[in-house]
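The two complexes that follow have chain A in common; it is paired with chain B in the first and with chain C in the second.
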Partner chain A sequence: MSELIVGPFNRVEGDLEVRLDIADGRVREARANSPLYRGFEVMMQGKDPRDALTITPRICGICSISQSAAAAFALADAAGAEMVPMGAQVAALLHAAENAGDHLTHFNLFFMPDFARDGYAGRDWHARAVERFTAGAGSAVRRSVEARAELFHIVGTLGGKWPHTLAIQPGGVTRTPTASEKVRMRATLRGFRRYLEEVMFGAPLEDFAALESVEALLRWNTGDAGLFFEIAADLGLAEMGRGSGRYLSFGAYPLAGGRAMAQGVFDGSVAPLDTARITEDVSHAWMIGDTAHPEEGRTMPDEDMTDPAYSWCKAPRYGGAAFETGALARQVVDGHPLARALVDGGVLARVAGRLLELARLQTMMEHWVDTLDTDARFMVPVTIPREGRGVGLVEAARGALGHWVRIEGGVIANYQIVAPTTWNFSPRDAGGVPGPLEAALVGAPLSEGEQTPLSVQHIVRSFDPCMVCTVH
Partner chain B sequence: MNLLWLQAAGCGGCTMSLLCAEDPNLFDLLEGVGIDILWHPTLSEATGDETRLLLEKVEAGDIPLDILCIEGSILRGPKGTGKFNMLGGTGRSMLDWVQSLAPRAKHVVAVGTCATYGGVTAAGGNPADAVGVQYDGAEAGAALAPTFRDPTGLPVVNVSGCPVHPDWVTETFMLLADGALGPGDLDDYARPRFYADHLVHHACPKNEFYEYKASAEKLSDLGCMMENLGCIGTQAVGDCNIRAWNGSGSCTRAGYPCINCTAPEFEEPSHSFTETPKIAGIPVGLPTDMPKAWFMALASLSKAATPRRIGENAVSDRVEVPPSIRKPRR
Partner chain C sequence: MADIETFYDVMRRQGITRRSFMKYCSLTAAALGLGPSFVPKIAHAMETKPRTPVIWVHGLECTCCSESFIRSAHPLAKDVVLSMISLDYDDTLMAAAGHAAEAALEDTIQKYKGNYILAVEGNPPLNEDGMFCITGGKPFVEKLKYAAKDAKAIISWGACASYGCVQAAKPNPTQATPVHKVITDKPIIKVPGCPPIAEVMTGVITYMLTFDRLPELDRQGRPAMFYGQRIHDKCYRRPHFDAGQFVEAWDDENARKGYCLYKMGCKGPTTYNACSTVRWNEGTSFPIQSGHGCIGCSEDGFWDQGTFYDRVTDLTQFGVEANADKVGFAAAGVVGAGVAAHAAISALKAAQNKAQSRNEEV
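This part shows the complex of A and B:
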């Protein structure tokens, strides 16, 4: 048996170190270390609760709107208030644009470039992968950042800038869009649809969103998605990095009529989410304290970094079990037939879940722009109480994100954040149960002499980890 | 020229913003200038052992380095070890890497307010002991000494902003590539003057409201946000309203205040970000270049002269009273 330490781990957001125990050419055990601690939860203590709207988005530059929305919903909850319906719709539109942009970035900049590596020279598809996806240079890489930048014009209009907008507030959004901006955003979305249909999918989005089986998925042979499925079939990515089949989604895009994508937990079937069952275990985190519900959780780093801990990341569990979260989880919980067919997880399933969501998001964004009532109110003032508790649950691109706030004497007494990659890349818990990534890496094959195994890279990146959110 | 980009303790948002560069896209722009990315955590193929080998070669001087970019603050905690931010797989802190690589580079560029001055990572009592590359807040001397200069005589170039505008970074690169950025082109906090000589106030769409001190009372009102909502665009450097963000945006255009994110220590304004502190009803922190008595005199005069259109629109979330149309005289 031997040990490999993999890092720095790039083309993930932030940095990561993975320790692998290797036996018989396969990963026997894996440990994920989130090597950055900044202490946002500590910073928040004693601050005016409204400042969470400025500070928490800056936890993450790729999920910034997600953090912003979670903070706004948590404060609204503490105040017993709700966003006005059109305010919630603009918040959803801003958030969906970020999530769509993130899915695009993941596919084109983070995930696909690995197939352009020399290690795959000689495969039927390798020359095409090199032309399209060579890191920082491929034709698809260049085209995707242009499409993303144009999509984010919607964020420029409604949110001022991306990342780190302050437009989303507990009572709605600060910017009232005009009728001319509405038609302008519609034009921007038409351009994004054209990009998705001509480049990413090579066919109408509705056709992709209508897929129901893995067989039909692997027959999809148009656009860059088609190239991925060809590669996936050749390399057996369906079987690589399988998950536990347990999925969690807080439900995406809270609107006046409910969440646009369902909230729930899936373990063979969907059950309602009970947030009281969420805990964070710190047995293998460089943190002092005991397992606690986020409402009572503390963040006290162990500055001596004592064993057996090996990461700054706490280990969130639901009903004591590890759950995977992300686009695939969202689509499984939402009941999409293709996602249900992919329920065993794995590299193919996670990437396909993201592509499926991208196709569906376009239609949702179009609907939200079409139904914007520019004569309505987009924000009402909300007074934050001097005493109170609130929770904000949203879905970042990478999965379930929750903010728990307790306000005492007009200031923040405690602020706890559980981010998607906190779930996915959690270390072991007190029972020795590994986090979802650690479990998915077990059995990953290594080629002779590999120091940074390709299979490990595919599996890690299939989760689209956001390491800056993970510990925060 | 080649470029090595390291992400220390930040959110990665400056890279994410940089990828919003348009006309042309980031990759075409860098290629056009002849800037070759040696390694970037978001953009490069190399990972793990390939990256470690590359960093070792740069450190040993085997690969000459033209531009070292640092994004994110440098953490000195816990207890001065820097171990709150280790570079994966290397067993070394980012503090150590930055101190070792900076003297190897022809230029060092700190990208974003975390890397320049500590930024949001240093907020709330600074739990991780975060500083910038060359500044600890407004004071020079941090991970690198105050006296640090690159071989061309430049200090660490501080492209501040939370996040940075993509053009601030790309134009800094292009000026460096042209040899057109000298010490005189940086302001007192080492920010490039091409954007730091402007104020966020310049071209702010709320300027007419400001002229009459017609103030917004709550977020979403159209009026000027200086008097009540914490806006410090009249003091904050940045051409945010001149060149616009993500197409046509800016903070004040989107109806929320400028929080002075290009400045050292913006993260601790000692009041809520969206509320203006006042003494006896008068906002503290008036424009820096103007005598206070003159400001007060002009403000009270202009307030008294506020036209109905501006007064009503200031406290509305949309234009309620359009400008009066005067027909041409015949």
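This part shows the complex of A and C:
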């Protein structure tokens, strides 16, 4: 048996190190270390609660709208208020554009370049992967960066600036779009659809969203998605990095009539989410304290970094069990037939879940732009109470994001954030149960002499980790 | 340095046409505020100068600077700038991983010793011997110092590298420290903002690569061409400020009329940046245009100036002509920065000369 430390990882957001115990050419045990800690929760104490809207987006420059939306919903909850319907719709539009952009970036810039590596030379598809996805230079890479920049005109129009958009507030959004902006956004979305249909999927999006079985998925042979499925079939990515089959989704895009994608937990079947069952375990994190519900949670780093802890990341659990979160989880909980067919998880399932969501998001965004009522109110004033508690639950691209705030004497007394990758890349808990990534890595095959095993890279990146959100 | 390609070689290799190249040169000249006579100079420089290697490292940060950068509307930036600087080493975007990535960093440093630009995103935390940010098993501060040692100049991207930004907000749990407090013997150019505007980033880097020197800096070490004016000075809502017409509450009648956001806490009057002229997301908009006040993210210590929704009370500057330098004279702690900026340019030159003579020796 030997030990291998893989890291630092690039093409993931932030810093990550994975320690592997290896026996008989396979990973026997894995430990994920999030080596970056900044202390957001500590610096928010004593601040004006409204400043959470500005501070929390800085946790992450990739999913800043997710953070700002979670903060806005947490403050609204503390005030017993709700966003006005059109405000919620614009917030959903801003958030969906960010999430779609994230999925695009993950596929083109972070995940696919691994198949252009020399290690795969000689495979039928290798030359095409090199041409399309070589890091920084592939033709697909450049085209996707361009498509995303164009899509983000919508975020510019509605949010003023991206990253770190300020427009989302507890009562709605600061921006009232005009009729002409609506027309422009429609044109932007038409352009994005064209990109998706010509480049990513090579066919109408509705056809992809209508897929129902893994067999049909693997037969999809057009666009860059088709190239991925060809590679996935050749390398057996369906079996690689399988998960627990337990999925958690807070439900994406809260609108006046409910969430656009369902909220719930899946463990064989869907059950309603009960946030009281969420805890954060710190037994293997360099943190002082006990297992606690996020409302009572503290963030006190253990500066001695004592064993057996090995990460700055806490271990969130639902009903004591580890749950996977992300696009696949969202689609499984939402009940999409293809996602249910992929419920065993794995590299193929996670990436396919993201592509499926990308296809569905386009239709949703088009609908939200079409139904914008520019004469309606987009924000109502919300007075933040001097004493109160609130929770904001949203779905970032990478999965379930929750903010828990406690306000005392008009300032923040406690603020706890549980991010998607905190769930997915959590260390072990007090019972020794590994986090979802750690479990998924067990059994990953290694070739002779591999220092940064390709299988490990694929599995890690299939989660699209965001390490800066993880610990914050 | 014969083994290093010119910018133009690199661009040609990326399939960029001559026509696009010339367009890029003229738009670059315009973006940098230079006249048409500079276009052939830029073109000539790019055809003959060896490409300047860039090493891009990440400390405590959120990658918003990279995110902003790759969304630039700078002419053909997706192709030209990315291929031009080539990011010989970049934690986030590069192909190699793990040990291979560390080796790539080492290779780049050795190959271009004294001749590369180090772009720093984020900052090092110094508490607990730097253990709050570890890459490759070592504190980031060590990687930063190591990479800085042989750099000819350093760009501090964003508020994190320039001032410490959010992780340095009170009580600064990790003792996050801006780059210039750790590296004191290299020319450093600060490009603050959270994040900086993409066009400002590409503009700065293009200027440095093309002219081989730092752009003119203000007293705080920021490029004057982008940070010379307050957002307030060029804000399209400025007439409403002058007329005393203000938004009093979110989404009120005045908000719909586009009145001034000063009473909603806008920090435009005390913030030096190009948001109101260059704008964001390919020139689409900027925060004030979205109906939210400016939070002053390109100013030092903006996190700890009280809540973002309280109005600025120490507003004394009303002249459009006031610039960061004039205000800077009144502020403590920046005296001598102008001299330092000048010295920085000389140091950059000296560093180059040294690099060249070393290369000749080899």
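We take it that the second predicted complex is superposed on the first by the 472 of 472 C-alpha atoms of A that agree within 3 Å, B and C clash if a C-alpha of one lies under 4 Å from a C-alpha of the other, contacts with A are read in each partner's own complex, and residues count from 1 in each chain.
Here, contacts are C-beta pairs under 8 Å (C-beta built on N, C-alpha and C of every residue); 3 or more make two chains touch, one makes a residue touch a chain.
Predicted model, so just to flag it, every value in this text is computed and none were measured.
Superposition of the two structures on chain A shows chain C clashing with chain B. In the superposition on chain A, A:D234 makes contact with neither chain B nor chain C.
Using the contact criterion defined above for the overlaid structures, shared-chain residue A:E198 touches neither chain B nor chain C, since it reaches no partner. Using the contact criterion defined above for the overlaid structures, shared-chain residue A:E387 touches neither chain B nor chain C, since it reaches no partner. Only one segment of chain C in 22-30, 40-48, 202-210 or 328-336 runs into chain B in the superposed model, and that segment is 202-210.
Across the superposed pair, chain B and chain C both touch chain A at residues 5-11, 13-15, 17, 35-39, 42-43, 47-48, 50-51, 53-55, 58-62, 64, 109, 113, 116-117, 134-137, 142, 145-146, 148-150, 152-153, 155-167, 169, 172-176, 301, 303, 305, 312, 377-379, 381, 451-452, 457, 468.
For chain B in complex with chain A, the touching residues are 7, 9-17, 19-22, 25-28, 37, 39-52, 75, 77-79, 83-90, 120-121, 123-125, 127-128, 130, 162-163, 218-220, 244-257, 259, 261, 267, 272-275, 317-318. Remark: chain A residues 5-11, 13-15, 17, 35-40, 42-43, 47-48, 50-51, 53-55, 58-62, 64, 109, 113, 116-117, 134-137, 142, 145-146, 148-150, 152-153, 155-167, 169, 171-176, 301, 303, 305, 312, 377-381, 451-452, 457, 468 touch chain C in the complex. Every residue of chain C that touches chain A in the complex is listed here, in rising order: 14, 58, 60-68, 70-73, 78-79, 82-83, 86-87, 90-102, 125, 127-128, 131-137, 165-167, 169-174, 176, 194-195, 249-251, 255-256, 275, 279-282, 284-292, 295, 297, 303, 306-309. For chain A in complex with chain B, the touching residues are 5-11, 13-17, 33, 35-39, 42-48, 50-51, 53-55, 58-62, 64, 105, 109-110, 113-114, 116-117, 134-137, 141-142, 145-146, 148-150, 152-153, 155-167, 169, 172-176, 178, 301, 303, 305, 312, 377-379, 381, 451-452, 457, 468.
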